[in-house]
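The next part holds the structures, each set out as C-alpha cells.
Heads up, the next two complexes both have subunit A, just with different partners, subunit B and then subunit C.
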Partner chain A sequence: MIWQYIVNGLCAGALFGLTALGLSLIYNVTNVFHFAHGAVYTSAAYLLFLFACKTSIGAAPATILALTLAILLGVLMDRFFYAPLPAGVRRTVPIITSFGIYIVIVNLIALGFGNDTQILHPGVEKTFEIGPVIVTRIQAIQASVFALLFLLTALLLKFSRYGRLIRAVSDNRKLAEALGLDIKKARLLAFSYGSGLAAAAACLSALETGMDPYMGLAATLSAVVAMIFGGVRVFAAAAVGGVMLGVIQSLVTWQTSARWQSAVTFAILLVVLIFRPQGLFGAKKRLEEQ
Partner chain B sequence: MTTGTFLSLEAVHAAYGRKEILRGVNLSVNSGEIAALIGPNGSGKSTLIKVIAGILKPAAGAIRMNGEDITQTSAAQRIDREIGYFMQGGEVFRGMSVHENMVLGGYRLKPSELSARLREVNALFPKLQTVRGLHAGALSGGERQALALAMVLINRPRLLLLDEPSAGLSPALVKHTLNRVKEINEKYGTTVILVEQNIKEALRVSQRAFILKDGRIVSEENPARLLEDETAAVHRLF
Partner chain C sequence: MFEIYLMLGLSLNLLLGYLGLLSLAHAVFYGVGAYISALLMIRLGMNFFFTLPFSALGCMVLALIIALPSLRLKDDYFMLATLAFQSLVFSIFYNWTSVTRGPYGITGIPSPQLFGYKVSEIWQFCVLGFIFSAAAIYVCKKIHASPFGRTLKAIRDDELLAVSLGKNAAKFKVSAFVIAGGIAAIAGAMIAPYISYIDPTCFALDESFFIITIIVIGGTGNLKGPVIGTFLILLIPEILRFLSIPDAAAANIRQIIYGLLLILMLRLRPQGILGEYGLNKILSPYAQT
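Now for the complex of A and B:
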C-alpha cells in the first residue's frame, strides 16, 4: 500500500517540481517573486482545453500552441509590468504587481469559461501494474516528462552559453553587469523557460484532474514551498523539493486524510524556515556574502 | 612610458538618489600610466571608478576616452571600448567553477577569440589553471582576487579600473597583487586607475596620484614625493 502512495506522490510531486523549477529560474535571475506564475499555469491549461476540445487541430498541435502562448504570456508580463519598474524599487512593489496580474487573468478566465471544473480527458484511464503498484498512463507521462525536462534543464544550465548566463546573473548580478553580460537576455530566457515549465506542468495536471480557474493558486503555493524546502538559490533543489513535497503530501493522505495536506505542507515550510532557512540542499551564506 | 591624454573627465557630477557624491570632478590620465586615486572613506573614489566604468551614469559632465565622448555609453559598450573594471573586493561568481568564471569574463569576445585569450590569462595566472574545476567560492582570498583580475584582463583592456584589488589580503599578498598590476602595465602598456586602501603600496606602483576629497579632486601629486614624507602626506591628504 505504501508504495502506491509513494508513486502517486512522486507523480504529483513531479508537477510541483516543474512549477517550482520555473519559479526558481525566474526568481533567481530577476529577483521578482512572480506570483502571476499561477496565472500562466492556469492559462496554459485553459488554452489546451480551448485548442484540444473546441477545435479539431489535434492533441499535439493543441499542446504546442498552448505551451507557446503561455510562454508568450509570461514574457509579456515581464516586458510590460516588471521590467519597466525602476531599479531600486521596494521589493513589495513587484509582488503587489504580480498579485494584480494574477487576479486580473484568473478572473478573465473565470468570466470566459465559468468557475466549474472542465474535464479535458473524460473516460477511464489505461493503467499498468508494476508489482504491487498501479500506474495510470497519465502518471507515467507526468513522471517521464518531469525526468526529461529536469535532465534537459540541468544540461542546458551547466553546458550551454545561455545556461551559464542565467547562472551567472543569478549568482552575482552586479558583477554580471560589470562584465557586460546580457542581463535582458537572461531575463527573457528565465521568463520564457520558467513559464514553459509551469505550462507543461499545468497541461499534465489538466490531463489528469481537469481544470478550474483557481488551480494556479494551489500550484504556485506548492511551488513556493518546494522552492524554500529544497533551497531557493539552487535550481535543481526546487525541483527535488517539489517531488519530496508530493511524496510527503501523499503519505499524509495515506495516514490521515487529504484535508491535512495543506496544514502539513505549511508546517514543513515553517520548520524549514526556522531551522534551515537555506533549504535542504542550499549552502549557508558566508558572513562576507550576507 | 606615458604619452598624451587617454582619459579625461570634465566637471563630472554623480549621485545616489538625492545624495550627491561627485561634485564636479576634473581629471585627465595619460596613456600607459598608473594613476592612484587617494582620499578618505566616503570621498567618492569607488563612485568615480563606477562612473568611468559605466555602472553609474553621471548626472552632469563629460567623459572622453581618446577624445571620443563616451559619457552616454553603457557598461557593456565600455567593455567593447576596452575598459576593464575590477569591482571592489574582487567579485567572482562564487557558485561557478574557476574556468566558467574566466569564460564569463570573456562573454563579449567572439567565440573564435576566446580560447586564445583563455590561454593568455592562464599564462599570466598559472595557479588558477590548477584549480580550474573548483568553485570560485572555495578559493582563498588571494586566488579569488587573481581570478577576478583574470576575468577583467581576458578582454585585454587598454584602460584598467581597479577598485581595491588587494582588499582583505595579507601585506605580502597586497605587495604581490600590486606588483602584478605594475607588470601588466609595463608589459601591455595598459593605462591603470587604481583605488587602494593601502596608500603606501598604491603610491609605490603609481606614476601620479589624484587626491579626492568630498567628491572633488583637490590636488594632483607626485607619488614619489608623497612617499618621501609619509607623515606630511597623511596630514595633507586627510
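Now for the complex of A and C:
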C-alpha cells in the first residue's frame, strides 16, 4: 500500500517540481516573486483545452500552440509589468503587481470558460502494473516528462552559454551588470523558460484531472513551498523539493485524509522559513546577506 | 459593511502603511475574531459585548505569535510566512469540524443585545459599526500623531538608522502587529452577528487580497487613505448592480476591476489616492538587497 502512495506522490510531485523549477529560475534571475506564474499555468491548461477540444488541429499542434502562447504570456508580463519597475524598489511592489495580474487573468478565463471544472480527456486511463504498484499512463508520462525536463534544464544551466548567463545574473546581479552581461536577455530567458516549465506542468495536470480557473493558484502555492523547502538559491533544489512535497502530501493522505494536505504543506513552509530559511539543500547564508 | 472594512483597512494600514510590511494574513485575524465571538455567543450563550474582549485578546495573542518569527524575515520571506499562516489557519477553520463545523459554517448567530435593547436592524448595526470604527479611527489617529507612529515610519524607511538611534525595532513591530490584530478582531466580531452566518470562505486568502486592495487604492501611511479606499472599493459592486450585469459574471468582472486598479495604482500613483507613503519608494542603499 505504501508504495502506491509513494508513487502517486512522486507523480504529483513531478508537477510541483516543474512549476517550482520555473518559479525558481524567475525568482533568482529577476527577484520577482511571480505569483502570476499561476495565471500562466491556468492559461496554458485552458489554451490546450481550447485548441484540443474546440478546434480539430490534433493533439500535438494544440500542445505546441498552447505552450508557445503561455510562454509569450509570461514574457509579456515581464516586459509590461515587472521590467519597468525601478531597481531597488521595495519588494512589496512586484508582489502586489503580480497578484493584480493573476487576479485579472484568472477572472478573464473564468468569464470566458465559466467557473466549473472542464474535462480535457474523458474516459478511463490505461494502467500498468509494476510489482505491487499500479501506474496510469498519464502518471508515467508525467514522471518521464519531469525526468527529461529536469535533466535538460540541469545540462543547459551547467554547460550552455545562456545557462551560464542565467547563473551569473542570479548569483550576483550587480557584478553581472558591471561585467557587461546582458541582463535583459537573462530576464527574457528566465521568464520564457520558467513559463514553459509551468505550462508543461499545467498541460500534464489538465490531462489527468481536468481544469478549473483556480488551479493555478494552488499549483503556484505548492511550487512556492517546494522552492523554499528545497532551497531558494539552488535551481535543482526547487525540483527536488517539489517531488519531496508530493510524496509528503501523499503520505499525509494515506495516514489521515486529504483534508489535511494543505495544512501540512503550509506548516512545512512555516517551519522551514523559521528554522532553515535557506532550505534543505541551500547553502548556509543568512537571507539578509543575499 | 463599510465600517467593518474600514476597520480592517485601518488595521492593515498600520502594517503596510506604517511599517511597510505586506501581510497576507489579515483575514486570519478577521476570521479568528469572528469565530471566537460567534462560538462564545452560541456555545456559552454569552452577550455579544462580553465576547469582544475575548476576540480582541485572542487575536492579539495570535498576532504576537505571528509577529515574533516574522521579525527575522524580510520582504518576500515575511510575506511568505504570513501566506503560510493564512493558509494554515484557513485549513484549520475548514477541517476542525468539531469546533468550527468546517465548510458548513456557523449558522444562527444571535444579534447583539445591550441592556435589553436588541441590535438587529441594518441601521442599528450601522450605528454600532460607526461607534466601533470611530474608536478604531481614534486609536489610529493617536498612533499617527504620536512618537510611536513616527518611530514605525522611521523603521519602515530605514530600519538600521532607527535601531542605531536606540529604537527597539522588534518591540515596535510586535506592538503594531498586536494593535492591528486587535482592531481586525473587533471587525470580525462585528461581521458575525451582522450576516448571522460565517463559514471559512469568508476568511480565505481572497479576503486578505481584498483588504490589501482597499488600502493600496485608497492610500497608505495616513488615515484618509483607508477611508476613501473602503468607500470606492465597496462602491464598485453597487455600480455593477446598477448596470444590471448578471450575477455570475459580476463577481468575475468585479475581481478584474480590482486587479486592474491594483496594477494601475502601483504604476501611476503608488501612494494611493489620498495616501502619503509611496509603496514604490526606493529603499536606502543599506536596506537594499
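One rule holds for everything that comes next: the second predicted complex is superposed on the first by the 285 of 290 C-alpha atoms of A that agree within 3 Å, B and C clash if a C-alpha of one lies under 4 Å from a C-alpha of the other, contacts with A are read in each partner's own complex, and residues count from 1 in each chain.
Keep this in mind: contacts are C-beta pairs under 8 Å (C-beta built on N, C-alpha and C of every residue); 3 or more make two chains touch, one makes a residue touch a chain.
Computed from a predicted structure; not experimentally measured.
Q: Contact-wise, after the overlay, does A:Leu179 reach subunit B, subunit C, both or neither (first, second, both, neither)?
A: first
Q: Determine, under the contact definition given at the top, whether A:Gly131 touches first (subunit B), second (subunit C), both, or neither.
A: Neither: A:Gly131 stays clear of subunit B and subunit C.
Q: For A:Leu273 in the superposed arrangement: first (subunit B), second (subunit C), both or neither?
A: Only subunit C; A:Leu273 stays clear of subunit B.
Q: With both complexes superposed on chain A, which partner does A:Arg259 reach: first (subunit B), second (subunit C), both or neither?
A: second
Q: What is the contact status of A:Pro122 with respect to subunit B (first) and subunit C (second): first, second, both, or neither?
A: After superposing on A, A:Pro122 lies clear of both subunit B and subunit C.
Q: Per the contact definition in the header, classify A:Ile95: touching subunit B only (first), subunit C only (second), both, or neither.
A: second
Q: Comparing subunit C with subunit B, which touches more residues belonging to subunit A?
A: After superposition, C is the partner touching more of subunit A.
Q: Show me the subunit A residues, by the header's touch rule, that subunit B contacts in one structure and subunit C contacts in the other.
A: The answer is residues 88 of subunit A.
Q: Under the touch definition given earlier, write down the residues of subunit C that touch subunit A in their complex.
A: Listed in rising order, the residues are 16, 20, 22, 69, 72-77, 79-81, 83-85, 87-88, 91-92, 94-95, 205, 209, 212, 216, 248-249, 252-253, 255-256, 258-263, 266-267, 270, 279-283, 285, 288-289.
Q: Along subunit A, where are the residues that touch subunit C in the complex?
A: Its residues touching subunit C are 31, 33, 81, 84-86, 88-93, 95-97, 99-104, 106-108, 110-111, 115, 217, 221, 224-225, 228, 259-260, 262-263, 265-267, 269-270, 273-274, 277, 287-288, 290.
Q: What does subunit B use to touch subunit A in their complex?
A: Listed in rising order, the residues are 17, 53, 55, 75-80, 85, 87, 91-96, 100, 103-105, 107-108, 137, 151.
Q: Please output the residues of subunit A touching subunit B within their complex, sorted ascending.
A: Residues in contact with subunit B: 88, 164-165, 167-168, 171-172, 174-182, 233, 286, 289.
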